[in-house]
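In what follows, structures are represented as structure tokens.
The same subunit A turns up in both complexes below, where it pairs with subunit B and then with subunit C.
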Partner chain A sequence: MIYLEPESVPEAVAALAGDEDARCLAGGQTLMAMMNADLVMPSTLVGLRRIAGLHEVTETEGMLRIGAMVTHARLAGEERLEGARAVVTGSGGGGDDVSISGRLEGARAVVRDAARQIAHPAVRNRGTIGGALCHADPQADLPGALVAAGAHVEIAGADGVRTAPVDGFFVDYLESSLEPGEMLTAVLIPEGPQGAVGAHLKFSRTDGDYAIVSVSSVVAMQDGVCSYARVVVGSAGPAPLHLDAADALLTGSGLDDAVLLQAGDLLAAAADPVDDVRGSSDYRRLLLPALLARAVGAARERFDG
Partner chain B sequence: MAEKVPVALFVNGENRQVLVDPRQNLLQTLRADLGLTGAKCGCGHGVCGACTVLIDGEAVLACLALTVAQAGREIGTVEGLADDEASAALVQAFVDCGALQCGFCTPGMIVAARALLQRNPRPTVEEIRHGLGGNVCRCTGYVKIVDAVRTASGAVQP
Partner chain C sequence: MGFPPTVSGPGALKIENSFLVPAPRDRVWRFIQSAEEVGACVPGCEHVDVVGEGKFKARVRVKVGPIKALFNIDIERTEEEPMESASYSTRGEEGGRASRLSARSRLTLRAAGEKETEVAYASEISIAGRLGRFGAGVMKKKADDLGGQFAEALRQRIADTPA
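Let's turn to the complex of A and B:
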């Protein structure tokens, strides 16, 4: 195996073009485990740690641009992931009588909330957003959270740089839409709807394990009516599960329990989860509506408060 | 067998030159090439925490760190903590609280606890449990390990 450490994205892309069995090494928290078990044996490994731009978090044109090498630990503490703050107008009538609720953290908080729940401190210190996405594991936390946030991915290849919605990035179990010779360079997260709150609810039997089912949600309410909802379920099939019809059911409703269960049933019917040691496919489908009700119900209560 | 490559590592305050297979992980290098056998291999895929070391001051799993990618980084193992006062207090607390039985997980626990106390000197019980969540112990049931970290933090008397 040849190990390379390019110092720029074009150099890395050139290194990938030179060997079709080449892999990128980001934080290594999955790839190294697979290499230790001889499940993956790349002939060339392209280490990304010296490419400075991949470690940066910047704000551009309403988007928060997160470099592919930004770790889960950094995401977990990233204040700019609060995005748009919910503003609660006071009833006193005065123009200045506007207060900001401390609990409402904006749409982007769904990403930070997910990052905080990934594995354990040592894994979060090294694991990266780019690595987590390119591994394309639908049981992981960030894929669903980024779909809920309406994020885009920035991909570099021999023909230059392209961006695409993250939704289409996840093709199948452990399969992304990256073409040979391409690499993910950044994730772009929009500010999200004004006043929305984002949260990631993870259900697992053991702290830090993969989710049996997870629910990533971005929800906004105005005067008791849901003005925006985007709900995504993880560990529910080969890719993060998102249905426009479920969002449409929630939007315009009062997010009462009956509507939440109805949306959950719709998603459960579309889910195709795996049977494994963490839970059977049937069990995961059974959990889904209850967890969705818990996640969106918690969001509703934050608006009541 | 891949051709070996030279790597300059900085381990426990010393420059160390090693010649390694580029596929080798840091845990293998520490144990086989540098004779630092404190960090243990429990699982080899980042689940047990027995190989926890410090890299640039942060807790990291040595089995998931590629040795050739660690050039220029500051690596600290449990052996290197021996001279550090706060770590010595932590080790003593483990002894006083009876926080170990077979001892296999202990080096990883000590390093992870050291990193936790570095960023959060007075953790709550809940924070300790999350801070050590990636470190598996099959003997103690964790209660005395949590007691030891609380004792070392000064939250309770030994």
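Let's turn to the complex of A and C:
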């Protein structure tokens, strides 16, 4: 195996070119474990840590641009992830001083709320947003949170840089839409609708485990009526589960419990979760409406206050 | 992000399914007697050789995201009830003994009217070695998925073959 540490994105893209078994190494929190287990055997490993631009967080044209090498710990403390964007930072467990009310504020908050709940501090200190996305594990927290936040991904390849909605990025279990020779360089998170709140609710066996089911939501209300809703479910199939029909049910309603359960049932019917040691497929489908009601119900109460 | 716990061992993976093929049962039976025809319907199957009466060798490639494997497998027909059913025993390994798989499978045909046949298959697969460390939940989904692709390819191939 060849190990390279390029200092720019074009150099990294050149290192990936023409080799289907070349992989990027970001924080290594999953890739190294998979290599230790002989599951993945890259021909070339392209370490990204020396590429300065991938570590940056900048604000451009209403988008918060988060470099692929930004760690979960940094996301969890990123104050610009407010509003709908906060869906990304939520990482559970002790030690984090993000209060429930703090993490619900604003649409971007869904991102922050998810990042806060990923694994445990050691993993959050090394693991990166780019690594988590490219691993494309539907059980992970960030994929669903970023779909809820309406994020875009920035992808570099031999033909230059392209951006695409994150929704289409997750193709199947451990499979993203990245073509051979391409790499993820950044995630772009829009400000989201005015006054929205974002939250990531994770149900797991123990703190820091993968979710049995997770719900990422961005919701806004005006005068008791829901003016915006985008709800995404994790650990519910080969990719984050998002249904326009479920959002449409919620939007325009008073977000009362009956509507929340109805939207939850719709998503549960579309879910295709795995059957494993964390929970059976049926159990996960059973949990889904209750978790959705809890997540969106909490958001509703913020507007009542 | 940690690493998923796994379940492997005898019978860890069970897949079963049934599907309708638009051809009478005798034609479907003749089709599944041909290793080349069936091999062409197996996703990732690169090569099939008939090595004896009811004995075959094949090379099959499987992939879940970045996890890739190439298995050399031996298949033996263990039971046969003409026009009704056939059972197979399968053993395979990756080069270098990295993973081993074994499976017992059964294929059953049932006439569904004069022009259609219901094909049912059931397989119990166990995997040991490096791929046995991979999460059993996703492995099952992948196996179901491959089964679905096999069914679709078989239906298509029989439909496209003149009677």
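Some observations on this one:
In this text, the second predicted complex is superposed on the first by the 282 of 305 C-alpha atoms of A that agree within 3 Å, B and C clash if a C-alpha of one lies under 4 Å from a C-alpha of the other, contacts with A are read in each partner's own complex, and residues count from 1 in each chain.
Definition applied: contacts are C-beta pairs under 8 Å (C-beta built on N, C-alpha and C of every residue); 3 or more make two chains touch, one makes a residue touch a chain.
Note that the structure is a prediction, hence the values are computed from the model and not measured.
In the superposed pair of complexes, A:123 makes contact with subunit B and with subunit C alike. Using the contact criterion defined above for the overlaid structures, shared-chain residue A:33 touches subunit B and also reaches subunit C. In the superposition on chain A, contact of A:174 is made with subunit C only, not with subunit B. Residue contacts after overlaying the shared chain place A:1 against subunit B, while subunit C stays out of touching range. Taking subunit A as the reference chain, the count of touched residues is higher for C when subunit B and subunit C are set side by side. When the two structures are aligned on the shared chain, A:270 is found in touch with neither subunit B nor subunit C. Of the two partner chains, subunit B is the only one touched by A:207; subunit C is not.
Applying the stated touch rule to the two superposed structures, the overlap between the subunit B and subunit C interfaces on subunit A comprises residues 29, 33, 37, 119, 123, 208. Taken in their complex, subunit A has these residues touching subunit B: 1-3, 5, 25, 28-29, 32-33, 35-37, 45, 47, 49, 73, 119-123, 125-126, 207-208.
Listed in rising order, the residues of subunit C touching subunit A in the complex are 1-5, 7, 64-67, 98, 130-131, 133-138, 140-142.
By the touch rule above, subunit B contacts subunit A in their complex via residues 2, 5, 22-23, 25, 44-46, 49, 52, 58-61, 63-66, 68-69, 112, 115-116, 129-131, 133-135.
Taken together, the subunit A residues at the contact with subunit C in this complex read 23, 29-30, 33-34, 37-40, 42, 118-119, 123, 127, 131-132, 135-137, 139-140, 172-175, 208-210, 238, 272, 274-278.
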